[in-house]
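In the two complexes that follow, subunit A is the common piece, with subunit B as its partner first and subunit C second.
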Partner chain A sequence: MELSTATLLGAWVSIFLTICILSFLYEDNPVYKLAEHLFLGVSIAVSVVEAYYGTFKPNMLDPVGRAATAVASGSDPGWDAVSVIPLLLCGVLFLKLVPKLSWVARIPIAFLVAMFAGLKLTGEANANLMTQVAESMPNLGQLWIDHGLWDWSADGAGVISGLVLVLGLCACLLHFYFSAPHNRPLRVVSRFGVLMLMFGFGASFGYTVMGRISLAIGRAQELLGLDRSLEQNAVVHPRIATLASIVLLVGVLAVWKLRGGKPESDEATES
Partner chain B sequence: MNTARARNCARCLGAALLLLGPVATAAPPTDLRSEAPIYGGGLEMILSWTPPPDDLIGYMLLRGPTASGPWKAIEPIASDAIRHKARVVSDPRREAVPETVFFRLVALRADSPIPALVPGEASDAAAAESEARYVDSLLATGDVSAPVESRTRAYLVNLTPSRVMLALIIIAAGVLIGVFTRAARRGAELYIRRIPGIDAIEEGIGRATEMGRPVLYVPGIGELQEMQTIAAMLILGQVSKKVAEYQADMIVSCCIPIVREVADEVVKAGFYQAGYPDAYKPANTRFISSDQFAFTAGTNGIVLREKPATNLYLGMFFAESLILAETGFLNKSIQIAGTAEATQLPFFVTACDYTLIGEELYAVSAYLSRDPRLVSSLKSSDYIKVFCVVMLIIGTVAASLGNPLISTLFRIAE
Partner chain C sequence: MKRTLPLIITFFVGIVMVGEFFIPHYGYRMLTDEFLQWGLVLAAAAYLLGIVNLIQVNIPKITQRKPDWFYKLIMLLSLAITLAIGFIGGQDRQVEGAAYRWVYSSVFTPLSATMFSLLAFYIASAAFRAFRARNLDAGLLLGAAMLVMLARVPIGENLPYIGEGLGHLMNWIMDVPNTAARRSIFIGGALGAIATGLRVILGLERSHLGD
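Up next is the complex of A and B:
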């Protein structure tokens, strides 16, 4: 099997940078900083290119170009002409660099915020208010007929779950009631609401931690070459790359330490 | 070029549908009807039909300006569908919306014509020619329904009960905000319960001053127009004012360039209001990267190397929440977080000293600023919450007794 030089190099660089990032487990060091700064620089470069080809060019430059061509040829530019507005707003943003006119740069920002506020008003109210309320009114009679009090075979569906849903939601809503002090009756309801929230957070935490462990397993698989075919491994040699990266890293860290290297954070604290 | 690719994809889907199904005899769908959806915007029609008796692998919808064509293949429809919402124009921004359009439905079988694959680099004219050939071959099969005339109708307002309910709630919220703002401006004291996190913010700034280290403020990774980012900016104004009064340093780490610009203005205003404009350092309001994890790496670098005494994570956070909070914990910083992202709250609750949960984030901005508009907005949302609680209880009792009226009032139909 043949792999291109870029693919081969990419695989080795990926393994080396993973080891560099893992070196933080020892302490903050120059190799970790190298990986961190490389990541930052590359991400900014990629985002600039993405923004240009994914948004700026197709949504603004191209329509403005078409509109200009249409106007020049005497035909109707249609909706393409509208793209001049974002171009103007974009240009106005740069006035921030002129101290006397920097206030003008607030106009596109205000436009952006106001436009989204208007656009999102009904959508947010629909998704986060109307639908939530509509879906939180269970038919307890039907739940009793279908599942009884608690049905293990249907993930705990039943009257108890229905009641927990309604009462828990009401308690959570009242916990976030800020217009009155939490005196005795409201405090009890609020505590119940917090309890419900913590149950929810606990479940969410466990679920997400499992996802993170899965990501860690993914990195370990790459380092050990378990995510590639045997043919690819015969070319890439990921285990050799991992070992070489570790040896190189240990060597660099040893030299750095022998030269009296300290984490930058410690130097900052001492100074 | 993109149009050609989109057409190509639609054809590939059609071809895939064609290759999957069994062979059957020809018979078109019958009784194709079209009606404008009630309270619709005039861009869609609801089509219904009687399917042919034999098994199909799907349908292809054709649309034309007259009963005799020319026809365009619009979209494939699943074989088990008997109803479909069809658009009267493909792109309302570029095409005029007609008063009348015609639809036809082609039953697709294994032996139906297959659209030719058009290379992505083919010109629009070549793609149109290929499409016309495909439509002609479909029409020649005899599996095509009679054309149905569709008269579009746009309603200015949507008067379905749930939409009316939504409008009433929004109007009520607006009226309440107006009433409370008026009362606040006349000097009425609008009570807002104090949240423990508010005291913690001030304590955190005090600690940073005593230790001679900066305060780190992270307004999340949301765009500027997100409500949480706006709340984060409002809190930043108050925090920067307090930091300036204490003569401490503050670093603001931003993920979105435009958020950085606004944060810069807000911090500058805070320092000016506190009477220390010279203490304001523009270099401390930093754009790190718009990539989520690169931003996280950069912010962690700030935490590790500049060792802030207090970290404030207020705004919209996603997977980076735990990474940021853990690094701050290792750095022994006081950490106060606040977000309305339910999936990230558990991590902040675990790793931070104080967490502003959900709406507390908005309440803090109102409490700290005491801006009559923000306080009124908070009071208004409190009343809406009480209304929702009442509706939930009445609705559940009613639904349990077999009357789904209340839940219907809140269920917005598509």
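Up next is the complex of A and C:
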């Protein structure tokens, strides 16, 4: 099997950069910081390039170009002419860099914030308020017919779970209700809400940890060549790349330590 | 003028966008769609403004050899090179063999995945120090987290007698108590977003204008 030099180099670079980031587990060091800043630069550039080709070009530059061509040829630019307005707003936004005229940049900022505020106002009310409330009210009759009180084979679906869901939700909401003092009856309900929240936070925490660990497993698989075919591994040699990267990194860290290198936090404490 | 005009624009645009929900007319929808496109274009332009700001902040640090100047240089170089190959690649930047695709798959993807996977070690370490079943609340937190983690790995799924039940229990925890807790937070968040949105549109919240 043949792989291009770029693919081969890409595999080795990927492994080397993975090791560089993982070196932070030892302590903050120059190699990690190098990889971190490389990541910063690349990720900002990727965001900008994707924003340009995904939004800027199709929604503004292309219509403006079409309108300009139409005007130049003496025909009607039609709706495309409207795209001059966002172009002007973008131009005004960059006046933020001119101290004397920076206040003018408030106009596009006001437009942007108001647009998203208006959109979120109805969007949140519709999606996260009305829908969530409607979804939370269980159809107990249907639950009884389908699952009875508790159906273990359907992950505990049934009347009990339906009631726990709606009562738990009400209790959690009441826990965050501060317009009335939390005296005895409200305190009991609020306490139930806290227990539900703890349950929920614990489950979310476990879910997040597992997500992160599966990412870590993915990286380990790449380092050990378990995510490639045997033929690809025979060309890329990921384990040799990993070993070489570790040796190189240990060498760099040893030299850094011998030259009196310290993590940034230690330096800050000393100064 | 400096303050009133942005406030008038905020009110007008905000009311127009809210009106979309109440006026189901195609002409009105076209207007709000156009506003949305302009907003997205402005948000993309804000990225460019951010880059200019990044350069303005970091170039003096590099030229004056301030601490960590070398890392700033690496950041700006990687930014410039990736931008250049992204724009040179154009619409074909993601095709097989393109330089931008190489940077994306060999530098960006492994770096971002490793950065996030690094958190696994710190979350586990923090949990080990913070999770103590001192009372019922902490016990529930710990128990739910342990159950979800155990039920999602092969060793938990294959435990004799309780392996299958663990999966059902995990699904119940995710579907019922976790949903109740998450929904309460979503509803609270939605109420907060509505209140903030109203404050912005009515000009009571002016922090975005630098006030």
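By our rule, the second predicted complex is superposed on the first by the 268 of 271 C-alpha atoms of A that agree within 3 Å, B and C clash if a C-alpha of one lies under 4 Å from a C-alpha of the other, contacts with A are read in each partner's own complex, and residues count from 1 in each chain.
The definition used in the following text is that a residue touches a chain if its C-beta (ideal position, glycine included) is under 8 Å from a C-beta of that chain, and two chains touch if they have at least 3 such contacts.
Quantities reported herein were computed from a predicted structural model and do not represent experimental measurements.
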item	value
Touching partner for A:96 - first (subunit B), second (subunit C), both, neither	both
First (subunit B), second (subunit C), both or neither touched by A:164	second
More subunit A residues in contact [subunit B versus subunit C]	C
Which of subunit B and subunit C A:263 touches, first, second, both or neither	first
First, second, both or neither for A:139, with subunit B first and subunit C second	first
Subunit B versus subunit C as contact partner of A:52, first or second or both or neither	second
First, second, both or neither for A:197, with subunit B first and subunit C second	both
Subunit B versus subunit C as contact partner of A:180, first or second or both or neither	first
Contacts of A:222 with subunit B and subunit C, given as first, second, both or neither	second
Subunit B versus subunit C as contact partner of A:28, first or second or both or neither	first
Common ground on subunit A, meaning residues reached by subunit C in one complex and by subunit B in the other	33, 36, 39-40, 42-44, 46-47, 93, 96, 106, 109, 112-113, 115-117, 120-122, 124-126, 129, 133, 136, 166, 169, 173, 176, 197-198, 200-202, 204-205, 208, 212
Contact footprint of subunit A on subunit C as seen in their complex	2-3, 5-7, 9-18, 20-21, 34-52, 54, 56, 68, 71-72, 74-83, 86-87, 90-91, 93, 97, 100, 102-121, 123-124, 127, 136-138, 140-149, 152-153, 165, 168-169, 171-191, 193-194, 196-198, 200-201, 208-210
List of subunit A residues in touch with subunit B within their complex	28, 33, 36, 39-40, 42-44, 46-47, 78-79, 93, 96, 105-106, 109, 112-113, 115-117, 120-122, 124-126, 129-131, 133-134, 136-142, 162, 166, 169-170, 173-174, 176-182, 197-198, 200-202, 204-205, 208, 212, 263-265, 268-269
Touch list for subunit B against partner subunit A, complex	93-94, 162, 165-166, 169-170, 191-193, 195, 224-225, 227, 230, 258, 261-262, 265, 288-291, 293-294, 297-298, 300-301, 304-307, 322, 331, 342-343, 345-347, 349-350, 357-360, 363, 378-379, 382-386, 388-389, 391-393, 395-396, 398-402, 404, 406-408, 410-412
Subunit A residues touching subunit C - in the complex, by the definition given at the top	4, 6, 9-11, 13-15, 17-18, 21-22, 24-25, 33-49, 51-56, 59-60, 82, 85-86, 89-90, 93-94, 96-97, 103, 106-122, 124-129, 132-133, 135-136, 152-153, 155-157, 161, 164-166, 168-169, 172-173, 175-176, 193-210, 212-213, 215-216, 218-219, 222
